[in-house]
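Two complexes follow with chain A in common, the first pairing it with chain B and the second with chain C.
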Partner chain A sequence: PCCAIGPPGGADGDDSLYPIAVLIDELRNEDVQLRLNSIKKLSTIALALGVERTRTELLPFLTDTIYDEDEVLLALAEQLGNFTMLVGGPEYVHCLLPPLESLATVEETVVRDKAVESLRKISQEHSPVDLEVHFEPLVKRLASGDWFTSRTSACGLFSVCYPRVSSTVKAEIRQHFRTLCSDDTPMVRRAAASKLGEFAKVLELDYVKSDIISLFTALASDEQDSVRLLAVEACVSIATLLPQEDLETLVMPTLRQAAEDKSWRVRYMVADKFSELQKAVGPEITKNDLVPAFQNLLKDCEAEVRAAAANKVKEFCENLPEDNREQIIMTHILPCVKELVSDTNQHVKSALASVIMGLSTILGKDNTIEHLLPLFLAQLKDECPEVRLNIISNLDCVNEVIGIRQLSQSLLPAIVELAEDAKWRVRLAIIEYMPLLAGQLGVEFFDEKLNTLCMAWLIDHVYAIREAATCNLMKLVEKFGADWAQNTIVPKVLGMANDPNYLHRMTTLFCINALSDVCGRDITTKQMLPVVLKMSEDQVANVRFNVAKSLQKIGPVLEKITLQNQVKPVLDKLATDKDMDVKYFAHEALSGECLPYEYKKLQWSSMLCVLVYARPQLLDSS
Partner chain B sequence: MAAKDGSKMSAAAIAAEKVDGFTRKSVRKAQQRQRRSLSSSQGSSQFRTHGAVPVDLSLSPLPQLMPECVNQQELFTQKLQQCCVLFDFFDSVTDLKSKEVKRATLNELVDYVSTNRGVLVEAAYPDITNMIITNIFRTLPPSDNPDFDPEEDEPTLEASWPHMQLVYEFLLRFLENPDFQPSIAKRYIDQRFVLQLLELFDTEDPRERDFLKTILHRIYGKFLGLRAFIRKQINNIFLRFIYESEHFNGVAELLEILGSIINGFALPLKAEHKQFLMKVLLPLHTAKALVLFHAQLAYCIVQFLEKDPTLTEPVIRGLLKFWPKTCSQKEVMFLGEMEEILDVIEPTQFKKIQEPLFKQISKCVTNPHFQVAERALYLWNNEYILSLIEENIDKILPLMFGSLYRISKEHWNPTIVALVYNVLKTLMEMNGSLFDDLTASYKNDRQRCGTPSRLNNPYPHTLSS
Partner chain C sequence: MKCFSRYLPYLFRPPSTILSSTCHTEADIISTVEFNSSGELLATGDKGGRVVVFQREQESKSQPQRRGEYNVYSTFQSHEPEFDYLKSLEIEEKINKIKWLPQQNAAYFLLSTNDKTVKLWKISERDKRPEGYNLKDEDGRIRDPSTITSLRVPVLQPMDLMVEATARRVFSNAHTYHINSISVNSDLQTYISTDDLRVNLWNLEITDRSFNIVDIKPANMEELTEVITSAEFHPQHCHTFAYSSSKGSIRLCDMRQAALCDKHCKYFEEPEDPSTRSFFSEIISSISDVKFSHNGRYLMTRDYLTVKVWDLQMENKPLETYQVHDYLRGKLCSLYENDCIFDKFECVWNGSDSVIMTGSYNNFFRMFDRNTKRDVTLEASRENSKPRAILKPRKVCVGGKRRKDEISVDSLDFSKKILHTTWHPQENIIAVAATNNLYIFQDKVN
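And then the complex of A and B:
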């Protein structure tokens, strides 16, 4: 195929530029993948062509080819955002506008968004004059485009050029934005609503009051809930910009209305943004307006809304004005929270469980014991494992306030039940909290109540659980020390070496791998090593090659002499094993080489792939 | 009973797991459903008035409507107002009597507007529409099942259906009443009404969507002033579905209505309609859930092409652009749609697109997924397509030959190999000398390039042979 752009470096052809000619050629190849590869190297091509030819030949060529696959267009849109230097610096950056303008009108959302992102980026590289001469007209063209895609894209460009243009142009931009806010395509109104906050931030305060507020009010009462909910997001930015005395008249009527919108999606959005809204409107309005609104959201009829609000309970309480925080929480919030503890929906309960413990630091010791503790205990007995898990995972907050002992009697059955849950992910989650719990409950409580659980996980039928259990033991030893390990867990771990199930025997080895370091040389040499060595005669090859691996792993902990007298003979024997994997790992251990086995396999197979796939392409290009 | 079924289900699931290590999605989902409370397959937001204060909802029955008697109009109005009271259907204990009163009244109203003439006086319209609006227009509740798969999952049914069904029935009878006057009704059945009606198409309850479909169709038929608006709003719903949310339960129903709307378009087609075809209907093919509405979509496309054959080329090029790259199920659907299009294509149009089209078909016949290859080869069973191929055999045979020849030797599925032989035979009979030339040059190429057949082998598992 011949290319629109001749090979660079003149008609005679310069051999060093041959690869570039190929890349240019491939921009037109029938194979999408090749076009894509070539587009991704666009900067290389441009660099080779030089700034002038990039401007006069490459860019027009690219502008013309904008009827390609979306994937190629996406790559192109991204590349052009970084092209300023390749077209000759800021002075010429406007050359990039035509292709990006076309890209900003395509159907596919990701391409359009990327084009807008690149346009926003290069807008900063325009001089104020160029911005008015080249960039702003482009925004206007997009804003008055026929198809919704271009108008949608325009919404994202107003805020980047507004601050740097003259006041006449500013007035035009405001007018365009106003028009798009009342566009009759909901897609465009959604785009405008989602950029409303950003646009408000670059406007002069007077215009925020005169223009933005009326747009905000209109969008917030749009007929489509998908538009209204975006106005809630804008509400945060707008409220931040306005002086306190204007909030009541300009923002609050709309916000109140949103909090009671008939669509649950809008109410959900209010709940989801509640902390931001609270900060934006300040303490007075919070006390008078947001507290009752929050109560309503916590009691909303849709579980989605309640869950979103429940998630914000702690943050909301934390940010209440300190002077009457406790009173507000105790009289207004806590009664709602109490109801949520026995909500019918598990997502609501589990959202609450993930933050409720945080209230104890805010309310202090006495209130926690009297009011919160019964709620914690109720949630610890909840039928849904996520709820219990969320409580247990946040125990540290309570520990600081009242100490964990208050909870331990209820904690134990909850932990035991989670530890035996039918879902392995639940078991995995509780294992991960064991070291934390052990630290808070102390060694005695642990030995008495939890140790058996930790050992039982070692023979779980799911590998991920056994693995986590191994790691858990290591963390426990780090907490309780080597002496504790020697008396409580090491004997049990080593006992498993005689288990009839080879998976359990392997678990012994994995535990030793994890524990040797924290247990120290003495225990490793005297207690663990003999067991490992004995296992080298195991009849299952998997056990034997894991012995080799373990020996390599614990080697650094052992003394040289031990290595020489005890370890080496065993490895030598394993190196002559009839199983090739055992031999391999024995050799690995002996040479101390660290290249993992799997990696070698991979390399071999990827070489095969190269051989297989490279050929046809060579044939094609010949 | 339910518990028993549950245990059976999980036993089956375990058995399934043992066979292939993977449980089928439907079995897994069924289990999840079992685990969730057994009663929660119904949802509704109808009665979820925000921060509602308990009010007295008790209804007492009014006297029977008698069309011949005086004051019936007033009684009709009273009954309509009575039916504006909404009940909580999640609560199956309270208000039973009143619920029954409302049900009976609605039944009576349905009867009243469908069997009597002269009952739709102008003064009744506001009360009628108000009753309808109060009962059916609502924000749909969040889905119980966030990853609801319409193919596999049971939909959440509207809990208040016992009443709502009758209200829909009433609306339909109202629209179909011979005395119905659009010129009066348009004050109430306006753009806002239609917009809310369209939003309801997202309901998970198929019974409701079915009613909505018929009702919207009637409205489109009777209110000329709303037609453009309805089309535009459907446009917006589809565009949002394609480019923003990928979720809308009523696409199939809306397309079904559109199918009959397109049928009635006047010729020449307006630019607006062509734009709808190219910028909305074609991109709809990219949806993940295409299988749910493909039949209706293909019908719409073919309707367009029957109206205006010159659209064939851009449509086929559009389909080729959106051709599925990895989803075999969708690819089979595309091939099916292509056959429907080819069934109505004009020979001059065929010539314009044969090259890109048969390049794609040539790729399809070599697809390792035998259903794709099979569907592509089935095109040769179509007499009309066959005649088009024969007319253009000198262009098409070179495009197809390599793939067919190779696949006849290498496809893993014996059915495909048999089909390919038949196709090759048909093609050979169409132009024997060209076939021989292609065979010779193919063999030459093979010798020149070593064993390209093996290197190009699309089935990796035969690599080691």
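And then the complex of A and C:
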């Protein structure tokens, strides 16, 4: 099978052929990466071979190379979806079917799915005649294949050929789909169930009513849980297709049954798809059927189901018919929600906390204050940090409804309480939410209520809190800007430089390290630098060597001339300090002065450093 | 259903070959044996971490009687010895269990597990190989690039059949204790792996996540009184599985009720007979294997001295109890001293659930016909394995006069134990692992 290449490559000989020759040989290289590389350049190979040799030599070779690694096969399946032009255009697109057919039967799901995706794509490029002559027989072959891998692949192909074939072929396709819906293996039934909705969409309404409904009912009562739960998904599409008056008789019995299925996994699926189902069945059925069903799901005995339902509380309420939305929520949904606030499972509470704040916009100011605020407060004090975080990160939607004053009166005390909690881990959690809160509440409110807290953390007796507090300041400045920093926090931070406790003086330095970059050159040079330089005369060696480290950190923010005239003399002096560590860090700073500034969150490693160098005998004399 | 009980004792005819390794080392000891769902393939795992797959010879018209011979199809190293540096623990390569997956395409798939890691293996055939390079000539010599004036596309040429085994998935890091069993769900999407204290549920396609569905580890390990010894999925009900415990009980769990199955839905236990209570009661009541019948109606359990069949509808006592080697009851003291009392015997059903089989000592294995209540003791040994011979039933006598052909309890060899056996899913073909030998017996062809 070695023949001269046609005009495109032959003329300029070896030079252009060689790289292609390498690519072709590497299709079978032992190294997967090289094979993958070659497959990804399959279009280059095909282009060099020309359409005829691609059809007669390359594709037959590829059809039989299904032994390869998954990633190679996956790439191949994807490439073939874009190969129409390379085999000679739509007229020859059917030549791509054999390799894709063999890929559609491999055991690896991702590869099969990709092959099906490519087949769906190229089906559009088949002429109606080719579709019946080449494509549809392939679908039939797959549908009646010996192995379930081929039958599962067939499920995804019916819907693309159905609209474009004659009515006799349509009847055959419907028959094949019916057969696969009652296949022996659960995999095929799962594949059929997951494609049921999609297939229903291309069917004529009469057939939806006659064929699809009976298949749907059968799949929804399959003995395998994994099949039944997929039928729930199909329910959404089917319900959308049917006229309102048929829903009650054709879909609702099955849906009711699914919502009360013995298996929690099926009920979970119903809860997970609830908003879609609600939209599909319309307001009347929602009022009569889905509300009680939703109540049951919120009270389900399995936590996974409750969590899935809790996640949908806001969406469900939002989509209720407006005329009696409030009444339904207040009498039917809210009582269940109240119970979930004190659920035994933290995932349930956390799911609820992520959406509960959204109810305030639906219920309005008065209801929010009377009914929802107590729930928010309870969740804000929850033992699980994720629940608290979810509440805090959604404060803004309540803010819009009840206004900042009301919010501050009720929620803020709870936040302050947590901020002063005796357990440092709780305090730490609140600090981490601070930038988020600041963003939601705005600068004015923040200055009034929370600023004092943030500053108080700087002198906390636990290092981790002080560390987090400095990091918090940096994030606040990122939010509120340098001007705000200059007026509110910089003076306080610098004031601590005169604190009698050397640990607080060091906090000043740590804050400066964190803030210099976000505050910019002006503030750093004019306000921070003088303080740092002055601290180089501190009597505690730990402070002095931290001055050296700070100077190194803020160096890149300063101007060259400042470095030369102000910083260097101080470092030179520190380099002759009587303390060994101060000398060491001064030298470090002098040699690394111009290293690019890179803010690193102070981490445990830096804390370790403090521990190593902390010498208690040098504790402040005062 | 054909009733084979008519001619009990079974006329099992040994095949001409006994599959065994010539040099007998510890690594060669067979640790598990399992037929696939069609019975065409048989896999064994050994202490050396190897898996050997045997394939049944295709029927030929000229020698119809030769149908049934199993030949080696593929051998591969499934697990290697490892060392857990965090816990300073050696992880043995020994294959604890093999489970076949139903065939899904031309290839075969099986799960194999050692103490910690489950692997999904694909065994596939290849009979074509690509030929023709651009940069090399037929002899493999590199061609001068300037002589390349045309492109060649490789062509697939037939070659000798090659069977390859490739590890498709590795399910690791989910077990703190030793995995004792794996079982594939009837949904063919999930499986469970079970260790001493926990049952984990896996999706066959996902290796980075598993769900713990049973956890019996007490908060304080000193309060530990019971361990899980084996677990299996129901053959048809995707939501039901059973696990057995060292206390002689079996729990049936329904995965529909809750995501965590710490609460069982059925609890099978036989009240203890106070008259036979002894120091060894608890040890010998520990269940070493639990198996659902093919029809899903019954559970079979094996403890040290008996095999019991339980009806899923009756929790308070077993439907049937068969004595495997009751003559050992008087020897429990010495069996405790040589640790044999802790041997974990497995048990199997025949294809129609009418006969059960389990192993014993001295290379004996036992079969019980559930319909006729007849039982038989057979021996797996080279001596009586002449081709075309029929296995003679063996008898063990306790004290007193010993008749010809009988063997005395005192002369039983306790180092020769048959722990692992398997029964062809449809036909009367059994495979019996006796240390490093695998015996495949077949019902007499009439």
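FYI, the second predicted complex is superposed on the first by the 402 of 622 C-alpha atoms of A that agree within 3 Å, B and C clash if a C-alpha of one lies under 4 Å from a C-alpha of the other, contacts with A are read in each partner's own complex, and residues count from 1 in each chain.
The rule we apply is simple: a contact is a pair of C-beta atoms (placed from the backbone, for glycine too) under 8 Å apart; a residue touches a chain by one contact, two chains touch by 3 or more.
Note that the coordinates shown come from a computational prediction; the quantities given were computed from them, not determined experimentally.
Superposition note: with chain A as the common reference, chain B and chain C are in steric clash.
Look at A:Glu57: by the touch rule set out above, it reaches chain C but stays clear of chain B.
After overlaying the two complexes on the shared chain, residue contacts for A:Val106 are found with chain C alone; chain B is out of touch.
Of the two partner chains placed around the shared chain by superposition, chain B is the only one that A:Asn296 touches, whereas chain C remains out of contact. Contacts of A:Thr65 after superposition: chain C is touched, whereas chain B is not reached.
Contacts of A:Glu260 after superposition on the shared chain: chain B is touched, whereas chain C is not. Put chain B and chain C next to each other and count what each touches on chain A; the higher total goes to C.
With both structures placed on the common chain, the touch criterion links A:Leu49 to chain C but leaves chain B unconnected. Legend: residue contacts after superposition of the two complexes on their common chain; A:Asp25 is shown touching chain C, with no touch to chain B.
After the shared chain A is superposed, the part of chain B among 296-304, 350-358, 386-394 or 440-448 that runs into chain C is 296-304, by C-alpha clashes.
Residues 107-109, 147-148, 185-187, 190, 223, 225-226, 262-265, 301-304 of chain A are contacted both by chain B in one complex and by chain C in the other. In the complex of the two chains, the chain A residues touching chain B come out as 69, 107-109, 147-148, 184-187, 190, 223, 225-226, 260, 262-265, 296, 299-304, 612, 615-616, 619. For chain A in complex with chain C, the touching residues are 1-5, 9-10, 13-14, 17-18, 20-22, 24-25, 27-28, 48-49, 53, 57-58, 60-61, 64-65, 67, 105-109, 147-150, 185-187, 190, 223-226, 261-265, 301-304.
Residues 45, 48-51, 139, 141-142, 192, 195, 232, 236, 239-240, 243-244, 279, 283, 321, 449, 452, 455-456, 463 of chain B are the ones that touch chain A when the two sit in their complex.
Those residues of chain C whose C-beta lies close enough to touch chain A in the complex are 102-107, 109, 122, 124, 126, 128, 130, 132-136, 145-146, 148-156, 164, 168, 186-189, 205, 236-239, 255-259.
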